[in-house]
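Read through the structures below before going on.
Consider the two complexes below, in which subunit A is the common component and subunit B and subunit C are the respective partners.
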Partner chain A sequence: MDMSVINSYIPLYRDALLLTLRIGWQGVFWAFIIGLGCTLIRQLRIPVLRGVVTVYVELLRNTPLLVQLFFLYFALPKIGIRISAEVCGSLGLGLLGGAYMAETFRSGLDNIAPVQEESALSLGMSRYQTLRYVIFPQAASASMAGILANVIFLLKETSVFSVISLMDLMFTAKDLIGMYAKTIECLTLLVMFYLIMLLPVSLLGTVLERRLRFAEFGN
Partner chain B sequence: MQSLGIDVLLKGSNFLRLLTGLWTAVRISLISVAISIALGILAGMLMTSKSTLVKVLMRVYLEIVRIMPQMVLLFIVYFGTTRVFGLNLEAETAAIIVFTFWGTAEMGDLVRGALISIPRIQYESAAALGMSETAAFRYVILPQTVRRLIPLSINLITRMIKTTSLVMMIGIVEVLKVGQQIIEANRKTSPNAAFGVFAVVFLMYFLICWPVSRLAARLEKRWA
Partner chain C sequence: MKKIRKNTIIAALTALGLGAALASPALADESFRTLDEIKESGTINIGVFSDKSPFGYVGENGDYQGYDVYLAEHLGEDLGVEINYVSTEAANRIEYLQTGKVDIILANFTVTPERAEEVDFALPYMNVALGVVSPEDAVIESLDDIGEDDQVIVISGTTAETYLVKNNPEIKLQKYDAYAEAKTAFENGNGVAWANDNTEVIAFSIENEGYVVGIPSLGSADTIAPAVTKGNETLLNWLNEEIVALGEENFFHADYEATLLDTYGADYEDTLVIEGGAVAGSETEAE
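What follows is the complex of A and B.
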């Protein structure tokens, strides 16, 4: 292992990490918004839109992100829809994540016994209060593990961005290996940078999951 | 309106080639899933082991698999081994090694979850009824564990199939790669073929994964 090589590569990897993080978190943000929107549509049982949500969730959950990105980036321009690589990355990640989040939120809500809602209502709480003080805290605690697993999954999935020529960590590693053949150094850095990116999220997940378990009651 | 590539797919053996590419990806995932399930059951038992050392080791293994993108693992095994050990791994072998390494950890975690989800009272009742430990495991614990596991393992199959799309990155000619080749070959006559071809690839993945995940969901509901 050549330390001088590693030192000279670090800035390149750092830039790639920043790009990966930026697009990754944008994707996670959109995933939350889309997931919440879908959950709202499902909970309020809005006709038509409900069907759209079901089709969307099933389509996105049952295809690989790689194929979705190929479609967004290479196929859509052929029918006149041109999206930049970066937008493609965060949009693709957001669409994929939205489908996963919608499922996670739903299973969180499904976990709450109907008696909880009925009891709250019969205690004279309004619909809003029931949602705010009874349903939501329990659903949030029940879905927390799933939400964090989704976030880690999405950040990991960013590793396919190189196919739409985004200079992410994978792209940088592949590029450097191709040019200078310092395979071991490049791969070591690749692993280290993914650890830097994902280990904190994973640890946060463990901590949050423990802290939020207090809300588990009634089942 | 120019053609969007459906005609290209109908030309010659193009559609058949796509299907062959798809089969390459599916074959890799089926082999990996089969090995993963077998090894995963073992890993799951190790994860519930009473020895702290074994537990910690398994935990580290699971964390590595959870944190490292499969693509990174693929690169390490495919490019790294050649470099370090001078081994010349076939791309497909490298892929199967990586997906098995990943799948075993995931399956192990599922097995662990299923094992610890069996309430203690089940073990105690079996013992109180005079069942030996083996009998209790065979007739009480195992049937319940298997019921919980089957839907989850089926889900693992769809996840595996979706993940194998990555193998194109280490040069295996699977469905996306074939799609690219078809598009390149017809660039002149049908410049918009990318739309049709990638839409079809998208649908192909959906048509494989969707029925499988529906089956898993139905079994989960029935056996819950």
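What follows is the complex of A and C.
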């Protein structure tokens, strides 16, 4: 391995890491918001919107991100809707992640015995209060492992961004290999930079998971 | 919880180990098949493009077609083996040879000094330069016409990309990893121009209305040649003899007429075709 090659590539990988992180976290943020919105709609049993949520979740969970990005980036401009590559990236991740988050939250909520909701309601709490103070905190604890898995999954899904010309980590490595053929150096750097990006997330998630255990009452 | 953390550490160590393994030179050796080994196995793996019409593409009936494929078919016949076509992208042509995934790359591979360090090129069979195509209502006739915020579409791993990165680093590039995507993006107006092999952009402007090749020739005149894994001498020598022999029967003119005539017309035939590996001005090379 040629260290001078590695040193000269590091700035490019750093830029790629920043771009990957920026778009990745925007995607994760939107995934949370969308996932929460879907969960609220389901829990409050809002008619019509519930159906929309079901269609959305099934559509997005059962198509690859690659296909979704193709659609956003290459198909929409044909009907006059033009979205920049970066927005396509975070939007794609957000929409895909939202569907996954909605399912993860749901499984967390399913974990909570119906008697808890019934007790809260019989104590005179409103439906919203029941969700906010009784159900959600426990569900958050139960779904933490799933949420963490989703976050890591979404950050790794950035590796298909090359199709919409975003210079993420994966594409930067492929691009450099294509130009200068330093395969070993490029791929080693690639593994290292993915670890730099994802190991802290794993560790942080583990800590969070432990802290949220307070809600696991009586199990 | 403890278990999770332990797993994370193990994963990290494994990854680093993998990195170290990749770095060891032992893996890079002997990743090719000799001519005899190919003949014995009865199949040759040839890397071609699947989306670069009219040089290498998958036709309506699902078969590989084009100028490169026409040559590949002939090579298979003369070797007496079946051909297993492997679809490649521009950026992974070198890797496919280095890892032995293919025996020959016939994917419109331009000969450059950088690439010649990584793979062995046989005698050339086509001329090429770079070209830039742009919409006719905003023609780019020189690289100076490209504004500060304008983006030029290129395909990752092509000579056009390398040329612009090296010689015009101020130009913003929008990179794609496949021809099909770059073309769609260009049609959607995502960039002011598309830089690629001039053969490719000329074909694009002929096939699509509203586009002009404002810069028909950029950079040096290059050639396109088959490539084999570095050090695969038996296969390389056979290919060179084959190309010289094919030149005697004017094979590449026939190839042009079968695959490129519809796109380029007869005008480009003598500028594009190289017969018997003899580049104009250096006939000795064919000897």
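FYI, the second predicted complex is superposed on the first by the 206 of 219 C-alpha atoms of A that agree within 3 Å, B and C clash if a C-alpha of one lies under 4 Å from a C-alpha of the other, contacts with A are read in each partner's own complex, and residues count from 1 in each chain.
By our rule, contacts are C-beta pairs under 8 Å (C-beta built on N, C-alpha and C of every residue); 3 or more make two chains touch, one makes a residue touch a chain.
Owing to the predicted nature of the structure, the values given are computational and were not obtained by experimental measurement.
Trainee: Output check: A:Leu66 vs subunit B and subunit C. Expected answer is one of first, second, both, neither. What do you get?
Mentor: first
Trainee: Thinking of the overlay built on chain A, is A:Thr183 touched by subunit B (first), by subunit C (second), by both, or by neither?
Mentor: The answer is both, since A:Thr183 touches subunit B and subunit C.
Trainee: Tell me which partner A:Ser202 touches in the superposition: subunit B (first), subunit C (second), both or neither.
Mentor: The answer is both, since A:Ser202 touches subunit B and subunit C.
Trainee: Does the superposition put A:Val55 against subunit B (first), subunit C (second), both, or neither?
Mentor: Touch partners of A:Val55: none, neither subunit B nor subunit C.
Trainee: Regarding the shared-chain residue A:Ala113, is it in contact with subunit B (first), subunit C (second), both, or neither?
Mentor: The answer is neither, since A:Ala113 touches no partner chain.
Trainee: Which partner chains sit in contact with A:Lys156 here, subunit B, subunit C, both or neither? Use first/second/both/neither.
Mentor: After superposing on A, A:Lys156 lies in contact with subunit B but is clear of subunit C.
Trainee: According to the stated criteria, A:Leu123 is in contact with first (subunit B), second (subunit C), both, or neither; which is it?
Mentor: In the superposition, A:Leu123 contacts neither subunit B nor subunit C.
Trainee: If you count the residues of subunit A that each partner touches, which comes out higher, subunit B or subunit C?
Mentor: Between subunit B and subunit C, B touches the greater number of residues in subunit A.
Trainee: Could you tell me if A:Val191 is touching subunit B, subunit C, both of them or neither one (first, second, both, neither)?
Mentor: Once the two structures are laid over each other on A, A:Val191 reaches both partners.
Trainee: Look at A:Ile10 in the shared chain and tell me whether it touches subunit B only, subunit C only, both, or neither; answer first, second, both or neither.
Mentor: The answer is neither, since A:Ile10 touches no partner chain.
Trainee: List the residues of subunit A that touch subunit B in one complex and subunit C in the other.
Mentor: 74, 77-78, 162-163, 174, 177, 183-184, 187, 191, 195, 199, 202
Trainee: Within their complex, state which residues of subunit A touch subunit B.
Mentor: Residues in contact with subunit B: 58-59, 61-64, 66-68, 70-71, 74-79, 152, 156-160, 162-163, 170, 173-174, 177, 183-184, 187, 190-191, 194-195, 198-199, 202.
Trainee: With touch defined as at the start, can you tell me which subunit C residues reach subunit A in the complex?
Mentor: Within the complex, subunit C touches subunit A at residues 1, 4-5, 8, 12, 15-16, 18-19, 22-23, 28, 90-92, 94-95, 98, 114-115, 117-118, 156-158, 161-162, 165, 174-178, 181, 184-185, 188-190.
Trainee: How about subunit B: which of its residues touch subunit A in the complex?
Mentor: Residues of subunit B touching subunit A: 4-5, 63, 66-72, 75-76, 79-80, 82-84, 158, 162-163, 165-166, 168-169, 176, 179, 191-195, 197-199, 201-202, 205-206, 209-210, 213.
Trainee: Across the complex, what residues on subunit A touch subunit C?
Mentor: 1, 73-74, 77-78, 82, 162-163, 165, 167, 171, 174-175, 177-181, 183-184, 187-188, 191-192, 195, 199, 202-203, 206, 209-210
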